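Below are two complexes that have chain A in common, paired first with chain B and then with chain C.
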Partner chain A sequence: MNELLLELADDEFVIGWRDSEWTGIAPVLEEDVAFSSIAQNEIGHARALYELVARDLGTTADELAFDRPPEEYRCSALVALRLVPDWARTIARRYLYEQADERRLAKLKASDDPEVAGVAEKIDREEAYHRMHAQMWFDRLRDEPRFVEALEELRPLVDQRPAELGELWEEMTSVRRSVAGATW
Partner chain B sequence: MVTAADVWEALAEIPDPEIPVVSLVDLGVVREVAVEDGRARVDFTPTFLGCPALEVMRDAMAERLRALGVEPEIRVRSDEGWSTDRITPEGREKLRAAGLSPPAPRAAGAPTLVELQTSVFRCPYCGSTDTKLENVFGPTPCRSLRYCASCRQPFEQFKTL
Partner chain C sequence: MIYEVFRQERKGQAFQHAGSIGAPNQEFAEVYAREQYGRRQESTALWLVPRDAIDELDDFVDELGRTYHRVDGYSLKAKLKEARERAAARAG
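And now, the complex of A and B:
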């Protein structure tokens, strides 16, 4: 179970990070607000999931989020991609991600562990608003060739692991690693 | 001796850090209070898991309870036991008075974009139903942005959860 939870937590954490890269530079202000809010909420989901695992493993959510070596992250290749400033591919990723996330949450909601089922149910309720946003953009762009191409290009990445996290990991953990021996 | 009722009363004085017109008790986010041997355990649920005020709320509660003379244990419960339906009638009225439209009741299924675009949402300033959705997202995860065509005023709408 921990592996599945970590997979979800890592995905939520990394897509939150990637979505936050649009803060301040989205093509319209309303999307600046939307992406910032979605990013914040995805990272909140990651925190709740990391906390579940951390309790079981006797560690902390922060340590799971920032202090693992890059090869231990279980996120998908889809979320790891850096896509700014490509809006079509960014929207395609959001759409594909929310679809995959919905399927995975449905499984977790049916978990025998009431705590896991409860967190999954709460996350799913909140994700409804993210799905709404993704669907709105899908409807808007569904006839645009660049968007259709982006969907086809990114779809296989949903079930793939990134070859390496490399720069992403370097950036994500740089602050934690910048002060030797610091306890945050 | 400090009782659970004292703790509830103390928590009712803590304003929500993002929406200070309502208290944490008004929002219904305090789920359970138990007092035993000078220790007070408080279970609470953030409105949205991505709520930026989570730590601030936890610290504010702990500090208030210490001032009351009990050792606090604040537990975050990230399950489905809280919904915007738990915001108290007083809380809803306070939100409206502050220009923040209270959430619609939770329906059986998940909310949809069409619902947000077509259902009636009343302007908290003038009461008009002639309002439209501007953005599903707002300054915090729990709020959407709407615009009232009647008094030409943008306002925030608490999301239903």
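And now, the complex of A and C:
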């Protein structure tokens, strides 16, 4: 179970990280606010999931999020991509991600572990808004060739894991690594 | 398209103008309104109105200064004082 939870947590954490790269530069101000808020939600979901696993492993959410070597992250190639400043591909990723996430959350909501089911339930209530957001953009861009191509291009990456994190790992963990032995 | 957003803070309270948002259609406007005025539990409900649908009336004239049409345009203070004095005089 921890494997699956970490996979989900890493996905949420990394897509939250990547989507937050749009803060301040999204196509319109309203979208900037909405998109940043969604990115922040995803990181919040990652925290809830990391906490769940951390309790079981006797560690902390921060240590799971930032202190693992790059090869231990379980996130997909889809979320690891840096897509700024390509909005069509960014929206294609959100759409594909939300679809996959919905199926995965449905499984977790049916879990025998009431704690896992509870967290999944909570996360899914927020994801409902993310799906609404992804759907409205899908409806708007569905005839746009760049968007259709992006969907085709990115679809195979949804289940391709683990991803090569490379530079992303360097960035994500640089602050923690900069002060060895610090307790934050 | 500009949409005006009104929000209700608690059930039963009057809706108040919260601000406006730009969105290409009703669907986008709904998502943006939720994000900006409803996601932090600051509203129990929102009204979303295309600005074009609002009929604004602002051509009020009062050429003759008919202040007696207004509650504050007709002072009762002096009249009440007089009436009280008359009543007191009659009673005394």
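By definition in this document, the second predicted complex is superposed on the first by the 182 of 184 C-alpha atoms of A that agree within 3 Å, B and C clash if a C-alpha of one lies under 4 Å from a C-alpha of the other, contacts with A are read in each partner's own complex, and residues count from 1 in each chain.
Rule of thumb we're sticking to: contacts are C-beta pairs under 8 Å (C-beta built on N, C-alpha and C of every residue); 3 or more make two chains touch, one makes a residue touch a chain.
Just so it is clear, the structure is predicted and the values come from calculations on it, not from any experiment.
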Clash or fit (per the criteria above) of chain B with chain C on chain A: clash
Per-residue contact with chain A, leading partner among chain C and chain B: B
Partner chain(s) touched by A:R94 [first = chain B, second = chain C, both, neither]: neither
First (chain B), second (chain C), both or neither touched by A:A128: first
Chain B versus chain C as contact partner of A:V119, first or second or both or neither: first
Which of chain B and chain C A:R47 touches, first, second, both or neither: first
Partner chain(s) touched by A:R18 [first = chain B, second = chain C, both, neither]: neither
Touching partner for A:V28 - first (chain B), second (chain C), both, neither: second
Which of chain B and chain C A:R140 touches, first, second, both or neither: second
Contacts on chain A seen with chain B and repeated with chain C across the two complexes: 30, 33-34, 37, 129, 132-133, 136
Contact footprint of chain A on chain B as seen in their complex: 45-46, 48-52, 54, 76-81, 110-113, 116, 134-141, 145, 159, 161
Of all residues in chain A, those that touch chain C in their complex: 28-31, 33-34, 37, 129, 132-133, 136, 139-140
Contact set on chain C toward chain A in their complex: 21-24, 27-28, 30-32, 34-36, 39
List of chain A residues in touch with chain B within their complex: 30, 33-34, 36-38, 40-45, 47-48, 51, 115, 118-119, 121-126, 128-129, 131-133, 135-136
